[in-house]
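Consider the two complexes below, in which chain A is the common component and chain B and chain C are the respective partners.
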Partner chain A sequence: MNEFGGNVMSNNIRAIDRVGSGFPPDEGERLAETLISDNRLNWDALDIDLRGCPAGLLISAFFNAFLQKIHEDASEHFEQAKAIKWQTDFPFQEKNVAEWIARFKPQATA
Partner chain B sequence: MSNMVGLLQSRWEIVRTPEAPDTIRYKCTTPFVTMTPAETILTHQNLQRVVRRAISDETTEKVILDLDNCAKCDPGGLLLLRHAGEQLRTAGRLGYVTHSEPSDSFDTIIENQRHLWERTAAKKGNVKTTDSSPAVESPQDGKYLLRSIENRNEMVQEIGEWAEIVKKGADAAPEDVACWEMQIAEVATNTFQHGRSEQIWVSGHFYKQSGVVQLAAIDYGATIPAVIRDEAQRQGRLGTDSDLIAFACELGVTSRCVRQNQGSGLVSLIQSVGINGGRMQILSRNGFFHVNKTRKYRKTPPGASLSLHGTLIILCLKVR
Partner chain C sequence: MTCHVALSCADCAICFADSQGTSRDTESHGSQKIFVGHDFSIGIAGSGAIGFLLFEHLRRAVDASLVDANNLREFVKDFLDDEIQPHMIGNIQFITATPDSSGSWIQIYYPELFKNFSSRETFGSIGSGSEFTNRTFNHSIALGYGYKWGTAATSFTMAMELMAAADESLTVDNLYMVSICKGGRSYLLGDKNINPPRFAIQKTRENWPHISQKYAEIKAISETIISERRNAYQNVGNIADGTLTTGDVARLSASNISIASNLVTLDQKLTDFFKWRDSL
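== the complex of A and B ==
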C-alpha cells in the first residue's frame, strides 16, 4: 500500500538492485525469486533494466535459470515472464536475450 | 585436416648429456607453441610425450624445456605448458623452462607457475635456477593473463577485472569488450556446470596490433565426450570423441545434467565467433573441434594420442 492507501504496482525493475555478481545461473534464479516474492509487481508489460549489470553475468545460463525458476515456482506467470522487455547496455545483448528467451523450453522437474 | 596427419612428428628435440644423466633437455624446434589448430594438437601431443617419457624413465629427475627457438606462445599454449608442468610435478619430477630472450608469454608462465616450471640458466643440462621475483598474482596491463578460478561465485567478478584490463590496454570499444566478457563467461559457466570441475584455469592475451583477444580455459573435470555420451546414444549419434564434441555444439543439445540447461551456451559462442570473424578450438579427451567464420571441422587422431583428461577451449576474438 502506498501513502495514499492505493496499491503501488510496479512494472519497471532495476536488475542491479536485485542480483549480485555470483554464478550466472544462481543469479538468474535469484532474480526470479525476487520477482515471485514481490507482491507489488505488475507482471503485465514488465520491464527489466539490466543496464549496469556485469556483461559476464548476462549469458544464456542466467536467462535459462530465470525462466526455469519462474516455470517451476510461478508457472502462472511464465508467459508473462517470456514477454518481459529487457533493457541492456548494448544492442548485441538485447538480441542475444531475445534469442535465448524465444528458444527456451522448460525442463520437467524430477 | 588430412594434411595435419603429416605434421604429427615431434617438435621437441631431445638433448641428453653425460654430465647430467638425471636431466632431459627438450629443445623446442617450432617458432610457436600453439596459434593454429594443428599446432594446438601438436603442442599437446608433444608435451604429453615429454611427460610420459620423463615419468617412465626412473633415472630422469629434471626436465628442461628449452624454448630459445620458440618466439611466441599463446594462451592455449600457456595452459598446455601449465598442464604438463603439473603432471611432472605430481610424478615427482622437476620442470624447468629456459628462454634466453625476454618474452612476455614465458615470463608469465614462469612467474605465475613457479611451483611447476622454474626458470633456468642451464646450459648442457647443468641446472642453475636463477633468482626470480615473487610470483605475480595480478595480471598487468598488456601482459598475458593466467589465473585459476577456484570459486564459481567469483567468476563474473574475475572476468570483469580482466575486461577492464583489456579495455584499458586495447583502447577497445566497450561493446566489444562486453561481448568478450559474455563469451568467456559462457565458456567458464559451461565448464563449471558440465565439466563438474571445481577449478578452471583461464589464460588470455590481447594482441594490440591486430585487435584480437585470445582466451583459453582448461578444466580437469568430466570431458565433453563423457558428459554428452548418454544423450548422443539416446539420439543415435554416437561417434568419435570429435563427433561427440561437434554434437554437443549443436543447438538444443544438452547433457541434461543441469535442469535449466537448454543447450545454447556453446551455440551462442559459435554464433558470435562466426559474426566476429574469430575462431574457437575445443580439445576434450581424444577429440578436437574447430570453428571459424567459414567452417567447422573435427579431428580425432588415431589411438588415444590426445587423451586430455579435461577440456581446453581456446577462443580468438576481434575486439575492434
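== the complex of A and C ==
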C-alpha cells in the first residue's frame, strides 16, 4: 500500500482517502494533485471510488477543477483522466459525472 | 431543540423535522416529531410528552378513520381541551400540511397565544430553529435567490436548505424525518437512524429500512443541488467589486445546467417513491 491507501502501481483509488472537507473546487484540485504526485500510479484504466464521499462534494465544480488541474499540470495524462472510471454511491451521481466530464472545456490559464 | 420547515409546491407540501430530543440533562437523536395521516401531516415542537400523547391519539383515530385533513384542526384543539392541563398549553406548538386548492397547505398553531390555527401559508417553520430558518428564508428572498414556486423537487431542496440553516445554529440535528402530502395521500420518509418511527402506520414501520434507503438517494440528490447552488453563489460573489470573470460565468453556467438536470432527476425519484409506496 502507498501512503494514500492505494496499491503500488495501482489503478484503483479510494477518493475519500485523498480529499478533505473543503470547498468542492479545492478538493477536486487536491485529488488531481495527489494523482499527479503519485509516481506509482498507473494512469491507464484508472478507477476512482467516490463511495463514501459527501454528496455535496461531488458537484460539477469538483470535477471541473479536477480536470482543469490535470490539464494545467499533467496535460500528458489529460485524456486518460477523462477516461477514468468513477464508482459512486448512487446511479444519479454516475450519470452526473459522465455529463460533467463530457461537457468539460479547459479554461485558458495564460 | 427542534426545527420544522414546511413548504407548499404547486400540488404538494413538504415538511421537514429534525429528530433531536433534548432534556435538561441529556440529548438524544432519532425522535419522531412528525405524524402522518392518510392525507395530512402534523409536526410538533415543545413538550415531547404532550406531542407523543397526541400522536398516540392520532394513530388510534386514523386507524379508526376518525380523523383526516378536514377535521384535523378540531381534533387537535379537542385533544388539548380534554387531555392537557391549561397551564401546560404553552409548552407545545404545531405545524400542519393539509390540501388546499389555492396551494397554501401550511398552518401553524400556537395554543398559548391563539384559539385557532393560523391562516394558510405556503411556508411555515416552528421550533427553536425557526428563528434561523425564517431569517434565511426572508434574506434569500431579499437577495433574489429565494424560494420559487415549483415542483416537489424545488420545495424538497429549499426545505432541506432551510433546515441546514437551523442545523448550523447548533440547536438541532441533521437526521431528518420528512412528510410529503400529495394527491390526497401522505408519505413519511427519513433517515435510517430514526428507526422505526413509533407512530407510523404498520406498513411504514415494516418497510422503514427500504424507505430510509430510498430517502438516502433522494437526500443525496438534494444535497448535490444545494451544494451546486452554494458554489454558484460563490462564483457570482465577485460581482460585489466588479471583478466577475468569464471563468466565473462559465462555472455559473455549469452549475445552472447541473441544478436543472438534478431537479428533474429528483422529481423523478420522488414520483418513483410515491408509486412504490402506493404499491405496498
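Please note the rule applied: the second predicted complex is superposed on the first by the 103 of 110 C-alpha atoms of A that agree within 3 Å, B and C clash if a C-alpha of one lies under 4 Å from a C-alpha of the other, contacts with A are read in each partner's own complex, and residues count from 1 in each chain.
Following the convention adopted for this analysis, contacts are C-beta pairs under 8 Å (C-beta built on N, C-alpha and C of every residue); 3 or more make two chains touch, one makes a residue touch a chain.
Being a predicted model, the structure only gives us computed values, none of them experimental.
Superimposing the complexes on chain A yields a three-chain arrangement in which chain B and chain C clash.
Once chain A of one complex is fitted onto chain A of the other, the partner contacts of A:Gly56 extend to both chain B and chain C. Once the two complexes are laid over each other on the shared chain, residue contacts for A:Gln107 go to chain B and to chain C alike. Note on chain A: of its two partners chain C and chain B, the one contacting more of its residues is B. After overlaying the two complexes on the shared chain, residue contacts for A:Phe92 are found with chain B and with chain C alike.
In the superposition on chain A, contact is made by A:Asn64 with both chain B and chain C. Contact with chain B, but none with chain C, is seen for A:Gly22 once the two complexes are overlaid on the shared chain.
Two complexes overlaid on chain A leave one chain B stretch from 73-81, 127-135 or 235-243 clashing with chain C, and it is 73-81. 23-25, 54-61, 64, 89-90, 92-93, 96, 100, 103, 105, 107 are the residues of chain A that lie in the contact sets of both chain B and chain C, per the superposition on chain A.
Taken together, the chain B residues at the contact with chain A in this complex read 152-153, 155-157, 159-160, 163, 174-175, 177-179, 181-182, 184-186, 189-190, 192-193, 251-252, 256, 258-262, 264-265, 268.
Those residues of chain A whose C-beta lies close enough to touch chain B in the complex are 21-26, 28, 54-61, 64-65, 67-69, 89-93, 96, 100, 103-105, 107, 109-110. In the complex of the two chains, the chain A residues touching chain C come out as 23-25, 54-61, 64, 89-90, 92-93, 95-96, 99-100, 103, 105, 107. Partner chain A is touched in their complex by these residues of chain C: 217, 219-221, 223-224, 226-228, 231, 234, 247, 250-251, 254-255, 257-258, 261-262, 265, 269.
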